[in-house]
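Two complexes follow with chain A in common, the first pairing it with chain B and the second with chain C.
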Partner chain A sequence: MSAQMRVGQQRTTWLIFIGLCLFTFINLTPLIWAVLTSLKDPRDAFTIPPTIIFEPTLKYHIQVWTENDFVFYLMNSLIISAGTVFISVPAGSLAAYALSRIPRRSAGPILSALFTIRMFPHMLLAIPFFVMGTFLNMIDTYPLLILALVAINQPFTIWLMHGFFLEIPRDLDEAAAIDGCSNWQAFRIVILPLARPGMTVAALFSLLLSYNEFLFALVLTGTDTKTLPVAIASFGGEDISSWSLSAAGAVGIMLPIVLVMLILQRHLVRGLTAGAVKG
Partner chain B sequence: MVRWQHGLWLFFLPSFGLLAVVLLWPLGYAVYLSFFDYYLGSGERTFVGLANYIDLLTEARLWNSMWTTIIIAFGSVALEFLVGFALALALYRLNGSAKVFSVLLFLPHIVTPVVAALFLKWMLASNWGFIDATLLTFNIEPADWLGSPVWAKVSVILADAWVFTPLVMMVLYAALQGLDTSLLEAAQIDGASSWNTLRHVIIPALIPAIIFVISIRLMDVFRFFDLIYVLTGGGPGTATETITMYTYQLGFRMLEVGKASALGVITLIVVAILLLTINRGLNKAYRGGDR
Partner chain C sequence: MAPLTIQQATKSFGEVQVLHGIDISIDDGEFVVLVGPSGCGKSTLLRLIAGLEDISTGSILIDGRDISRSHPKDRDIAMVFQSYALYPHMTVAENMGFSLRMRGATMDEQHRKVHEAAGILDLEPLLDRYPRQLSGGQRQRVAMGRAIVRDPKVFLFDEPLSNLDAKLRVQMRAEIRSLHKSLETTIVYVTHDQIEAMTMADKIVVMRGGYVEQIGSPMAVYDAPANVFVAGFIGSPAMNLLKGRIGSDRQSFDLDAGGVLQFDSVLNARPHQPVILGVRPEYVKISDGGSAAVVKLIEPTGADLHVMLDIAGTKLTAVYHERLTLEEGQEVRLAIPTDHVHLFDPENETRIVGN
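Right, the complex of A and B next:
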């Protein structure tokens, strides 16, 4: 490569770098703006031009978690997310393990069938859940929403775990079988310990999915089981006068997610393509 | 080994049992409901055969929502693909510092959709929103971003792109990293321009990933609900009422659960047809185009 070409390439790389910096900054404006608003008193929040020089206050962050029912909604969100994970991940892992161990020609159709389930409009599932929930008097109870979330979560968990199990060599199960282990023993003693990191990833993704879910939570919960997304949607959607307060709530809801994301970084692509986060 | 495979099916039992109860049964029940005139408020239901479907398909509101969905779907998926691909290429080129960028660029996607929608709403809110406040500073009269039919559609498309471009970017970036670098080097040695390398080497190699990401995005746009619900609620009027929003109105506001189920089934069929067409079209373009 000639020196001239190399200089040209380096310049392009710099241009790309600067372009990306700019784009990233503009792209994050809504987020930055929300964080700033959550730290502003109303007199700073409603100014033209929008100000970035102000005395920051944590007042609204404290107020939203102490004077409103947000702690209660957080508990609901946590109970429902945890319930979903405890049902979905073990069941999904078992199925995924079996899928990774049967011949490919039988596993293929099952996997594509599961993938097709992604296509179903969630509305088409929300309606029967709502009707049946009304019949069974289960609207506004934890189990109903948990079951609905398991339904949309299960195909995803199986897909994700299937990938992890494929990476565990079959020789291991075979060796276990020769040593006289049953399927179940081989799975529990030999495979499960190796699959634990994968299961942690699947559990975190499922947690994220349930925590973020909105449609089912909106139609299947009421005053007793309302989750954070439903609460913030009705809270921050309309009234602009309590702007700082809703911004503080929204930013608070976002924080644990950012944390989980930093843990999951390495696995993001895999999880996303299997359909994490937004169902 | 035969003995070994035996009994493996037991492992499927919990999961498939669950799926049957919480997924297949409700879906079957929804299809069943779609043949009834069923107002949940009174609990009365009468079998009406295909009447719900015929009603819907002859109704202006359905076609309006279908059209809106198509505009929003194609607008946002096209935007997401172009920007996402450009970003993926940029990240691929940078290599070293790409990690920091990918995490930062990814944030809008991982945030709770409702929260992301609120963030955008506070940007677009009239007068005090960031955009309006900025424009007013320079004495520019801002448009009614969420209140005029045309701008509301644009805002929804941009909002969707804000949330989902990172996904497209990540998938394509991952695919780029899996590229056989010897191909790229060969192209460089042959003196191919970057544009030609992109067209004849990179894009053909990425076709599976491209088909994949466009397909999942189209599926998701058709059923995505959170953003529009928070941003515009389908308004002004029915300007941003997608099929999903309309189904929501029918099922959960008007409690016409039979008709709403029928609309859900129609949506499913439309999405299935769309995906088949796209898969076939892209595959053909790929095989027939580059010789």
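Right, the complex of A and C next:
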């Protein structure tokens, strides 16, 4: 490679880097704004130009965690998210494994149908879920919201896991069968451990969806099972003096997810790249 | 070890029939190679024996027991896959002991049998490694180790050497052969490489288009191919197959493309009978008299000399073990011993007569 080409390549790399930094900053602006606002007095929050140097206060964070039933709503969110993940990922993995091992001409229409469900507006599904919930007397219960979230999350989980299972050679299933495994044992002992990165990704996406979901939670929950996104919407309201409290709530709601992401970041990157190779 | 019998086995995928009434009888401890070009059905037949595909009609018996409809795990077979199919998340020892674990063997038994097999295959130092930490040859050996640990009635090999380089392939060929000698287990081995088939097999099954073309010992198939396909497939370089008619004196052969081949004794066919005449390259001798030919191309391989000859537009390959001094464009005379000539019917391409 000539020196001129190398300089040109370095320049391109730098331009891409600066572009990505700019993009990241734009994306992070609302987050930074929320964090700063949560640490400001409401008077400082709306000054123009915005104050960069101010006296930070944790007053609103403490208020969020100690008043307003924040912890109660957080627990609801965590229970519903965990329930969704624990049903969605195993069920989706089983379906995806089966679809990856049947002839493509049979799996294709099913995968297309799942894709269609994924594209279906959630708003239109919320109403039938509400009607069914009312009919079964399940409104404002954990199982109803969990099942609804599993239903809307399942197509994505199946598509994602399907790609991972396709990458695992069928020879391994067959070797396991000859080695004495039943179909279930081959799946559990041989295939599943190899699909772990994919399951981590599926679990994270499932967690994000269920933890952040607003519409179904608003329609299907009541006082007993209200989740954080629904609860937090009512924190601020139109009262400008509550915006710092609202921002503290927004930061609080992010914390568990950020924590999980940090812990599983390694698996996430590996899982996403593994899935990107094929499928 | 056990005899294996395949009776009238057929296999169809939807409308497409890929195996047509296969009948093969394999003796106890025999090394049988299924050989044929891609798509001939050899791997499908192996998968039927393994139980990885369902048989459409017919039956497969191991040790007299019909296992046609049994689950693979109940057939008492072991298989070495082309891709080796080692479990990536298990160590070599765990891979090798997996079948024993699934059969509920004690840890002691697993340990003992894995170490026994590892000893045979020189795998002892690798037992704690993962498959990704092994070379191609080592993986191949682990795959074999996994198979022999089970002490099965029949070993199945599905093109196990095709992912190895040429040198390692020759080495592994010898290792598999000596492993068979020491274990004396029935082996069914699939390959498209006729050299592998010739060097390893007790018995060769040549397949084409879902049919068995010929079954026999490697030398029997080589010396007396049943038809034009087998004649052309077995042997490297391939047998020369020439279209023409027997001469009126039965000591000559008139090539369709022009030119005449002379022989020192009569050919075993009627005068003027149209035939396909086959002769192996090593029997195309250069002599003082006989048919005239021109040297077109000389390919020294080191051990041998491959020579492409031209008889009035018809190409003929010859192989010489001696170092002849030939030049391209040189005219030579050919002598072909009549007892090494194979004659085939041009209509159905089956053998008429030969040595």
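A few remarks follow.
Here, the second predicted complex is superposed on the first by the 220 of 279 C-alpha atoms of A that agree within 3 Å, B and C clash if a C-alpha of one lies under 4 Å from a C-alpha of the other, contacts with A are read in each partner's own complex, and residues count from 1 in each chain.
Rule of thumb we're sticking to: a contact is a pair of C-beta atoms (placed from the backbone, for glycine too) under 8 Å apart; a residue touches a chain by one contact, two chains touch by 3 or more.
Computed from a predicted structure; not experimentally measured.
Judged by the touch definition given at the top, the superposed model places A:156 against neither chain B nor chain C. Within the superposed three-chain model, A:193 lies in touch with chain C and out of touch with chain B [touch as defined at top]. Of the two partner chains, chain B and chain C are each touched by A:174. In the superposition on chain A, A:128 contacts chain B only, with no contact to chain C. In the superposition on chain A, A:185 makes contact with chain C only, while chain B stays out of contact range. When both complexes are overlaid on chain A, the residue A:216 reaches neither chain B nor chain C. In the superposed model, A:60 lies in contact with neither chain B nor chain C.
Contacts of A:165 after superposition on the shared chain: neither chain B nor chain C is touched. Within the superposed three-chain model, A:70 lies out of touch with both chain B and chain C [touch as defined at top]. Shared interface residues of chain A (contacting chain B in one complex, chain C in the other): 174, 177, 182. Residues 169, 171-172, 174-182, 185, 190, 193-194 of chain A touch chain C in their complex. Residues 1, 3-5, 7-12, 14-16, 18-19, 21-23, 26-27, 29-30, 33, 40, 87, 90-91, 93-94, 97, 101, 103-123, 125, 128, 130, 133-134, 136-137, 162-163, 167, 170-171, 173-174, 212, 216, 219-220, 222-226, 229-230, 244, 247-248, 251-252, 257, 260-261, 263-265, 267-268, 271-272, 275 of chain B touch chain A in their complex. Of all residues in chain A, those touching chain B in their complex are 12-13, 16-17, 19-20, 23-24, 27-31, 33-34, 37, 45-50, 87, 90-92, 94-95, 97-99, 101-102, 117-132, 134, 147-148, 150-151, 154-155, 158, 173-174, 177, 182-183, 187, 208, 211-212, 214-215, 218-219, 228-230, 232-233, 236-237, 240, 243, 246-247, 250, 253-254, 257-258, 261-262, 265, 268-269, 272-273, 275, 277-278.
Interface residues of chain C, counted against chain A in their complex, comprise 50-52, 71-73, 77-79, 81-83, 85-89, 98-99, 102-103, 146, 150.
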